[in-house]
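Dropping the structures in below, format is structure tokens.
Two complexes are shown next, each including subunit A; its partner changes from subunit B in the first to subunit C in the second.
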Partner chain A sequence: MTVGYAPVAPDPVAAPGRPGRAWTAAYDIRLALPLGAFFLVFFLAPLALLVLVSFYADPGMTRFGLDQYARFLLDPFSLRVLGATLWLGVEVTALTLLLGLPLALLLTWAPARLRGLLTLIVLLPLLTSVVVRTFAWIVILGRQGIVNASLLALGLTDTPLKLLYTEGGLVLALAQVQMPLMVLPLVTALSRIDPNLADASAALGAGAWRTFLRVTLPLCLPGIVAGCLLTFAAAITAFITQSLIGGGQMLFMPMYLYQQASSLNNWPFAAAIAIVFLVAVLACVTVFNLVGRLSRGYAQA
Partner chain B sequence: MPLHRRSLLAGTLTLGAMQAFPGLSHAQARKLVFATFTGSWEEAHRAVLVPAFRKSTGSDIILDPMLSVDQIAKVQAARTNPPIDVMLHDPGPALTAIAQDLVEPYPVAQSAHYADLIADAQEPMGPAPFFQIVGLTYNPEKVKTPPTSWADLWKPEYKGRVGITNLNSTLGTGFLVEIARMHGGSETNVEPGFKALEALKPNLAAVAANPGALAALYQQEQVDIGPGNFNAIQILKARGVPVEFAAPKEGIIAFKTTIHIVKNTPVKELAFKLIEAALSPEVQAKLMQSPYLIVPTNRKVAMEGEVAKVLAKDAEDLKRKSVFQDWAAINRSRSAWIERFNREIRV
Partner chain C sequence: MKTSMRRDFDWFSFHGTVLLLAGFCLVLLAAPTVIVVVVSFTNGFSLRFPPPGYSLRWYAALAEAEQLRAAAWNSLVVGGWTTLLSVVMGTAAALAIARSPRLSARLLDSLFLSPLVLPALAFGLAALMLFSLAGIPVSPLTLVLGHTVVCVPFVVRTTVAALSQMDPVLLESSTSLGASRLYTFRRVTLPLIRPGILAGGFIAFMSSFDNVPVSLFLRDAATDMLPIRMWQDLEGRLDVTVAAASSLLILVTVVLAVVMERVAGLSRRLAG
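Up next is the complex of A and B:
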């Protein structure tokens, strides 16, 4: 993760004795050319096409107009769908951070042998398909699932609770599915913190909590920002998990888009939904990055 | 040696491109491409239809399973050189494909089997090689008296036990039209259907995103009763899930799944032969056997097994028991219904 690198430890790239910046400046653009060309053809061109399609006024694509955007932006229902999607992202990100930070700390502090095993466990979800992971959650959250069976056996409830097809269930499932995206940047940031800093803090009389809040947390803020960005973006676009755990009546932007494009063949409206969604997400990411940049200033202070 | 490096790079890129787009080098010798549906349909077609086609033509065939909408999008994007030669469609998308001029009329006069099809399967723009049947699905361990009518779903004893899908699917849309009809509505007036859905809310355990997800909910005992696709239920049953299919007395909903020759296909003759094979009594009789249980449309096929037991004794019986919906009318208002369903049906 290069997002927000706190210049506390010496930068290995710019280390004295190496050619450093001048070398990179001369070559990095040209090295990126193949990927750049690939992006141009397979990402930017389709994106431009998407923008074009969104400006058609009618589903038959015969004349141009702003009708699709007006239809979305002036419709309280559509705006609610957008709001619900972004809010879902915030909930999932918060839960992932809450559960992921202790895990990342454990991973950083664990002895080297154990660390390999823990890393594998963290990465394991990435090695299985999202569909499989999501189906596992259907089994866990269902009426006859592990959670309900345990609750019933313990006598905590008489009738199975409705967990599947609820927002709570969806947030939980998404948090698990996206967990590696949060933990990996956090581990990267945490492992870059000089362990002597914690010792220095302790020597100066700070307790474990104080050291965590005043030293560790500020220094790993860039990792937190990167992890949050990745988790947020992945959670709001997780079409499969959203539709399988959330069900057919919990409408989020990806399903709304799919419905218009796929069941109704209304490509202009679907394209407009995609563009609105893209802009909204970019706005969120920008705000987040800004927070990240401010926090870096804080980390240096 | 920058020149050498560059030519090496160009060579590699070309090789890579040929690997990624084999069409570049093999544009001439084209095999027939049949876009069937994913899942059990693909399995059935691979096991029965493909060997029959190979035997009758000696040619090879590629199955490229995908959703109807994807088939339409792909052909639409390359009308003059379509990547698919034979399409398979549910009734809604079939009308879209015909309206967008993506399919050829079926050469009825040359067909050996077209005249043998049940009248409802005879579609000049693309005949129906099978029907998809929607009726009531239930878990016999939880629902002791088999349901006999769509109205049973509203019984208070099924509070929180009913599962449906949203209107994205043919199944969900067909169900809405059918319950509208039950309350005096029709394809052009689904108001009574929405009222009935509103009244069904206390009983709803789940609104699944698609028929596949709905079927999985029976497996998890998340739902015990609801509208369901006959073939989807058979697959679950074969895997030991306690589910049964019951024909409602109002009639089973029969969707014509139609097969079409794509306009401008370079292998029109092979496409015709594949469809002929799909319409033939031999192939249809095999597809009717377990585990596929695909409902035949050729009158020469004698109904047997589970299909005969649960659905119909013969073609006449099937016709009598089935409801065929007017998808031209449904397509005209479907977008408004989906919008309304989005807004009103929240559980």
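Up next is the complex of A and C:
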């Protein structure tokens, strides 16, 4: 009998005698209560408070007003920080996709033994501490770093190049740090593609490039969208890497928020920055999700 | 003849491009880790690569680095409690919402996963505001509470995925054979979803151990966390002791990751 699994609360869907439906309501929804209550107190309440604080007009938090948002949205400096942060996300996502897609293809072609090793290399950045990963890039890009040492030894340059604290260096470092977030969904999407399709395409006379562009790429679009979403969201919020590799001259939203909140102690403005940043991230996530839904429909068609 | 040559060129250019880019990507992925490990064995005082000579002096220095050791211990304790809370509450929640078509379950699912995409720094600030408004001083306890919010989504996600891959027929046969609800959970459901819970708990622990944005706001002055300690050491001076600490961390995590890959199919679950 399915009675043991029927929910305690009356539920018309899981009527007894319909074992097929029993599983869908197998466990009581009230099992979600502890985490739900926890999120209400420690996640939703803080976010609501954040919104509230952002509507205070002055750092002393005495009167309400839209002053903090006006201050952000009318200030060219703040807008430039927001723009630079989103643009950084775009650059990192593009580079990650350009390098991650070939690697994902290679992973699906590789024999099982090699695939294990390759997977470990892909996981490596995800499993090493963010400070460690970033620290490694300082060793590589620094004035005495490996890139400069090689360039000097090859006689390609006389003086060490400035690589650390530049946007190019930051994009490269972030691409490495976020690469697993791109490659893993891509591998999943690629492995779901029926290999017969590529064979059929080849048998019909299409070359390797054409098959890739017309068959493989459209079919793994959902994976591409999922990977881009994760990479983008992670790149623009990567506080440590941004501040250590970017240095003091490049300011992005997370550091801007932290400066206002901690050293300047301006909570209302910090809260407004956080809300603007949250809304920007949510807008990007929504766009990605819409594209993802469209592409899933396309891939199944 | 001509077409076959064009096809060969097409094949080689495509596979060549893929191999070249994938090769570069692999070097990019592995180089930083390899270089940190090599540099940590230097006998010099700088982070030069390749090192002038090799020694274990920085690992010996690590034994005397009291601050780093204390910070590592704090991170371990906070990570342990965070993982415990995340696994217990996350698994229960996953059981409640997995495969349920109800709107409430779908909404809860989105809510529980939302900390994954929201900037953790914004949440850290918000949580600090709440605690100071409620008159609760920041302490290791507030750290655990904050970490749990950002770490529990990993457990929910992997456990929901494991539950939705389960064959419902197994549960039906267990109950129809007279097994009680609790017995079926212990003997059928739990063994089947254990890899998912394990993988989620592992990722939750790693991400708590590595967390900076939430810790920055919710720790008190006396509680030093390992990633923040290392970050501050790096911003001040490029200390080789940090390289030794990093290498030790890399070694431990790689071993753990290989074990988790065997036991729980970690990479499959991360892609989820």
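As a convention for this text, the second predicted complex is superposed on the first by the 254 of 301 C-alpha atoms of A that agree within 3 Å, B and C clash if a C-alpha of one lies under 4 Å from a C-alpha of the other, contacts with A are read in each partner's own complex, and residues count from 1 in each chain.
We adopt the following convention: a residue touches a chain if its C-beta (ideal position, glycine included) is under 8 Å from a C-beta of that chain, and two chains touch if they have at least 3 such contacts.
Remember, predicted model here, so these are calculated numbers, not experimental data.
Trainee: In the superposed model built on subunit A, check whether subunit B and subunit C fit or clash.
Mentor: Overlaying the two structures gives a clash between subunit B and subunit C.
Trainee: Touching A:Phe77, do we find subunit B (first), subunit C (second), both, or neither?
Mentor: A:Phe77: touches subunit B, not subunit C.
Trainee: Name the contact category of A:Tyr56: first (subunit B only), second (subunit C only), both, or neither.
Mentor: So A:Tyr56 meets neither subunit B nor subunit C here.
Trainee: Does subunit B (first) or subunit C (second) touch A:Asp28, or do both, or does neither?
Mentor: second
Trainee: What's your read, subunit B or subunit C touching more residues of subunit A?
Mentor: C
Trainee: Counting only touches as set out at the top, which of subunit B and subunit C does A:Gly145 meet: first, second, both, neither?
Mentor: The answer is both, since A:Gly145 touches subunit B and subunit C.
Trainee: Go through the superposed model and pick first if A:Ser263 touches only subunit B, second if only subunit C, both, or neither.
Mentor: first
Trainee: Touching A:Arg133 in the superposition: subunit B (first), subunit C (second), both, neither?
Mentor: Second partner only.
Trainee: Regarding the shared-chain residue A:Leu244, is it in contact with subunit B (first), subunit C (second), both, or neither?
Mentor: A:Leu244: touches subunit B and subunit C.
Trainee: Let me test your reading of the model: by the given contact rule, A:Tyr165 touches which partner, first (subunit B), second (subunit C), both or neither?
Mentor: In the superposed model, A:Tyr165 contacts subunit B only, not subunit C.
Trainee: Touching subunit B and also subunit C: which subunit A residues?
Mentor: Residues 135, 138-139, 142, 144-145, 243-244, 258, 261-262 of subunit A touch both subunit B and subunit C.
Trainee: Spell out the residues on subunit C that touch subunit A in their complex, using ranges where they run on.
Mentor: 6-7, 10-11, 13-15, 17-22, 24-26, 28-33, 35-36, 39, 46-49, 88-90, 92-93, 95-102, 104-105, 108, 111-112, 115, 117-123, 125-127, 129-130, 133, 145-146, 148-149, 152, 156, 168, 171-172, 175-176, 179-181, 184, 206, 209-210, 212-213, 216-217, 226-227, 230-231, 234-235, 238, 242-243, 246, 249-250, 253-254, 256-258, 261, 266-268, 270-272
Trainee: In the complex, go through subunit A and note every residue touching subunit C.
Mentor: For this pair, the touching residues of subunit A are 1-2, 4-5, 13, 19, 22-32, 34-36, 38-39, 42-47, 49-50, 53, 98-103, 105-106, 116, 118-140, 142, 144-146, 149, 172, 175-176, 179-180, 184-185, 187-188, 207-210, 212, 229, 233, 236-237, 239-240, 243-244, 253-254, 257-258, 261-262, 267, 270-271, 274-275, 277-278, 281-282, 285.
Trainee: Can you list the subunit B residues touching subunit A in their complex?
Mentor: 67, 69, 72, 96, 160, 165-169, 172, 205-210, 213, 216, 220-222, 334-335, 338, 342-343, 345-347
Trainee: Sort out for me which residues of subunit A touch subunit B in the complex.
Mentor: Going by the criterion above, the answer is residues 77, 135, 138-139, 142-145, 162, 164-165, 243-244, 246-249, 251, 255-256, 258-259, 261-266.
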